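Notes for the one structure printed next.
By letter and in written order, the chains are A, B, C and D; residue numbering begins at 1 in each of them.
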Amino acid sequence: MKTRICTTFEEAIEDFPDGASLMVFCWGVSGTPQNLLQALRNKGTQDLTLITHNVMPAFVGKTVLWDVVTPFMMADQVKKLITAWPGMSYLGMESPMERRIREGKTALELVSHGILAERIRAGGAGIGGFYSPVGIGTLVEQGKEKRLLDDGREYLLEKPLTADFGFIRAHRADKLGNLVYRGGGRGCNPVMATACRTVVAEVDEIVEVGELDPDAIITPGIYVDRLVRVPEAGLGSARNRKELLARFQAQGKKS
Amino acid sequence: MKTRICTTFEEAIEDFPDGASLMVFCWGVSGTPQNLLQALRNKGTQDLTLITHNVMPAFVGKTVLWDVVTPFMMADQVKKLITAWPGMSYLGMESPMERRIREGKTALELVSHGILAERIRAGGAGIGGFYSPVGIGTLVEQGKEKRLLDDGREYLLEKPLTADFGFIRAHRADKLGNLVYRGGGRGCNPVMATACRTVVAEVDEIVEVGELDPDAIITPGIYVDRLVRVPEAGLGSARNRKELLARFQAQGKKS
Amino acid sequence: MKPRLLPEQVAARAALELKDGDYVNLGVGIPNLCASHLPAGIQVAFHAEHGVLGYGPLLPESEWGRADFDYVDAGLRFFRPRPGMAFCDMGQSFDMIRGRHLDATILGAVEVSGAGDLANWTFGVPESGGIGGSMDLAVGAKRVIIAMEHVTKQGKPKIVRHCKYPLTAKACVDLIVSDLAVIEVGADGLLLKEVAPGWTAEEVQALTEPRLVLDSNLKEIQV
Amino acid sequence: MKPRLLPEQVAARAALELKDGDYVNLGVGIPNLCASHLPAGIQVAFHAEHGVLGYGPLLPESEWGRADFDYVDAGLRFFRPRPGMAFCDMGQSFDMIRGRHLDATILGAVEVSGAGDLANWTFGVPESGGIGGSMDLAVGAKRVIIAMEHVTKQGKPKIVRHCKYPLTAKACVDLIVSDLAVIEVGADGLLLKEVAPGWTAEEVQALTEPRLVLDSNLKEIQV
């Protein structure tokens, strides 16, 4: 299917309904589709099933960057959460997501980082399930088939994950939707792009077809349904990152 | 573990014993570690378990390029073959490998291309097994657990594959063993590099650390044990490829 | 004998099933001809199993002096590089297939059954040829289109009640485009949608083992 | 109270376990300090879960003006780019871990049992923190080294008969380096190999729940 280039984030998610499932990666500022998340927050979409690695705000050192938009800010929109890191109490602060989980408003499915990535990969790659050596003898065993395989080790049967929408943050795209990433911002973005019915990517730059090195493309356009360019001062843009750092350094000097 | 740079192909495989298992990719001239294969042929190693996609010679149009070294040339060294394409009779020619299979000298495990790749990936990624939708109702079902999963589809349980040695063909390496590939020569090389105890890569060029773009490295050095540079006129080198084409074109004009 | 569609015409008719922007894998034989017979104005990205997406047209033999062995398709034929193409590893290539990301595959067939079972990877014993990527494609592509001759060289039906040859996949075929007809495989069996110019439904039925249901809007193939 | 090893000394002793060319993942806390206390002359490639291999040293706060948010470690700390580093996706990053490609991981612990069971991801209920990559690392790394304080802030043993806190993995720990001792986890239980300067085996045993077997070559920790 053809990749569509959208001019606004609102347009890119206009058909995102209440109750839909969403995959999104976040490693602080890096790899996080902040503009799409903000559009979804503004839209007020409810009852999300959210699949994400960590529900934490962005931080530098011990300072939280509250104006960086992450899944942490979306707690009241989430009905079900699948994650490896739901809470913040271990850092001395009960987070909104954690509170909702305790109050029974958000259901929690706890996974490890690696098994979350692998379940998403399985979802994107048409695998019905896989036997994982991770989590044997721990609480993630609950409700899962445990099996001794030929190699004499025990494994858990893990099921694939897919979602209705995937929000992707990449560095550059061409007009066919081929994507490249920058540094650790790659994260789980490429895997998530394979496992969602509608994949929307926000990128720093959209270049002409042929400008990306075909040997270096990480996510081929086959996986990408919609593209939006992050505006010059948009969330996560080069300028926005510079401002975040400058503001943070100024605070540091004051204190 | 540190990547070792070897000066000869012989040195790179000197500890390859009879009876070992080997993974190797081949797409004609492309992606095939011809020099390592030739060294193993010269060494005369016996009783190999060979894991490869196709046992076919290289060809252009309908002309076979007999001096391109592929697993096809190694039939008499192979005790067990795991492949998606063992024979050539469908092209009107019984191949040596096929003959050995018929004579019971080589055991055959037939797989599909995709499931072979996925089993190798599982081997490299510590997956105990996976449920595949491919092959239901066909002869690859034999001996495999068939299971109806939650989505109402039937799946086969497929087991991981690993090997003692992996021969890899890449384009460029740095001295840490980071690899990049060229075009379709990538093939199954990156997946095989994850699933073998000893991974030996032959490459067109070995560059200094830092010369490869970290966002474009396909196989990180963690997977690569030994490196050998293909000499200027070595098998599969730019010069060798040019000569193959020129010779082939000359033949074409004669006929 | 009455004229049938030429291989190029079968390919052109099959190619009509493709849409602008589709990602498609073509099998060997007639399917491969589809690349040169796309409907005007549509762009299709072709997928090759070993990890090539969106490659350009095949190099004519006169240009093999400029050929590049790393730019070959699944049949080892040289292609031209094309802006926007992408390479991936073979594992990722089959993830695309198995994960239902390819819009369509056009494959050849030895036999297709009335239930849409497909046999297309060997005429005989397993070791005489190979499965290749056919099982993965037949199971994984969103749409499986068969482009083939309607009968064998000996004139026997290739659309049969039950396949005799080793299967590629069960109930996987969506549409058959032959040199005589276009047939949709549905829950109720085979629906004859189009016949080759000059051919009647009865004549096509006579060369087809399972019973064909006639589409209410039966047409002549336009090529 | 008798002096114990400082966190930096624990890290330095744990880092002695690493070899030139190793690929290593470091957990938060004392383990992270190992990066700055490698033995002279060895190079180690550090792995971060989200897909970074071989990154450079952390940026001191004075250089945060040049920081890059795409160059952060697993704890969101800025690192310097380093020649030879490589990025991959998070799936591939965990393939490395689960597939036993990492030579070692050095992790912190809440508790370690005499059988090498590890608890290190939550002090309480599951939703209060997270598993992160700890379960994958504990199961997948070729060698699991724990670097920690020997007892809790309240002076209770952290090396226990049975873990009370939710487990990270069973029987996964190979070696414990604490501020009092170096203890190998073997098939026969815990082998006390080294004690901190000024400490006796008996004193270490008194702060350790399971019985320690004394290595025939018991030494003082050299830091």
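The rule we apply is simple: a residue touches a chain if its C-beta (ideal position, glycine included) is under 8 Å from a C-beta of that chain, and two chains touch if they have at least 3 such contacts.
Computed from a predicted structure; not experimentally measured.
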item	value
Each chain counted as touching chain B and chain D at once	A
Result of counting contacting C-beta pairs for A-D and A-C, higher pair	A-D
Taking each chain's C-alpha mean as its centre, the one farthest from chain C	D
Computed distance of Cα centres, chain D from chain C, in Å	56
Computed distance of Cα centres, chain B from chain A, in Å	35
Length of the line joining the C-alpha centres of chain A and chain D, rounded to whole Å	28
Chain D: positions in contact with at least two other chains	87-88, 94, 97-98, 140
Residues of chain B engaged with two or more neighbouring chains	118, 121, 125-127, 132-133, 181-183, 186, 214-215
Graph class of chain-chain contacts, one of line, ring, star, complete, other	other
Contacting chain pairs - touch in the sense defined above	A-B, A-C, A-D, B-C, B-D
For the chain D and chain B complex, residues of the former touching the latter	20-23, 45, 47, 53-54, 81, 83-88, 94-103, 140
Parts of chain B lying in touch with chain A, wherever the complex brings them together	118, 122, 125-133, 147, 149-151, 153, 155, 159, 180-183, 186, 213-216
For the chain A and chain D complex, residues of the former touching the latter	25, 27-31, 53-54, 58-61, 83-91, 98, 101-102, 108, 110-115, 117-118, 120-121, 132-140, 181-191, 218, 241, 244-246, 248-249, 252
Chain A-facing residues of chain D, complex	48-52, 61, 64-65, 67-72, 76-78, 87-91, 93-94, 97-98, 117, 122-124, 126-136, 139-140, 166-170
Complex interface listing, chain B residues touching chain D	1-3, 121, 123-127, 174-176, 178, 194-195, 208-210, 212, 214-215, 217, 220-223
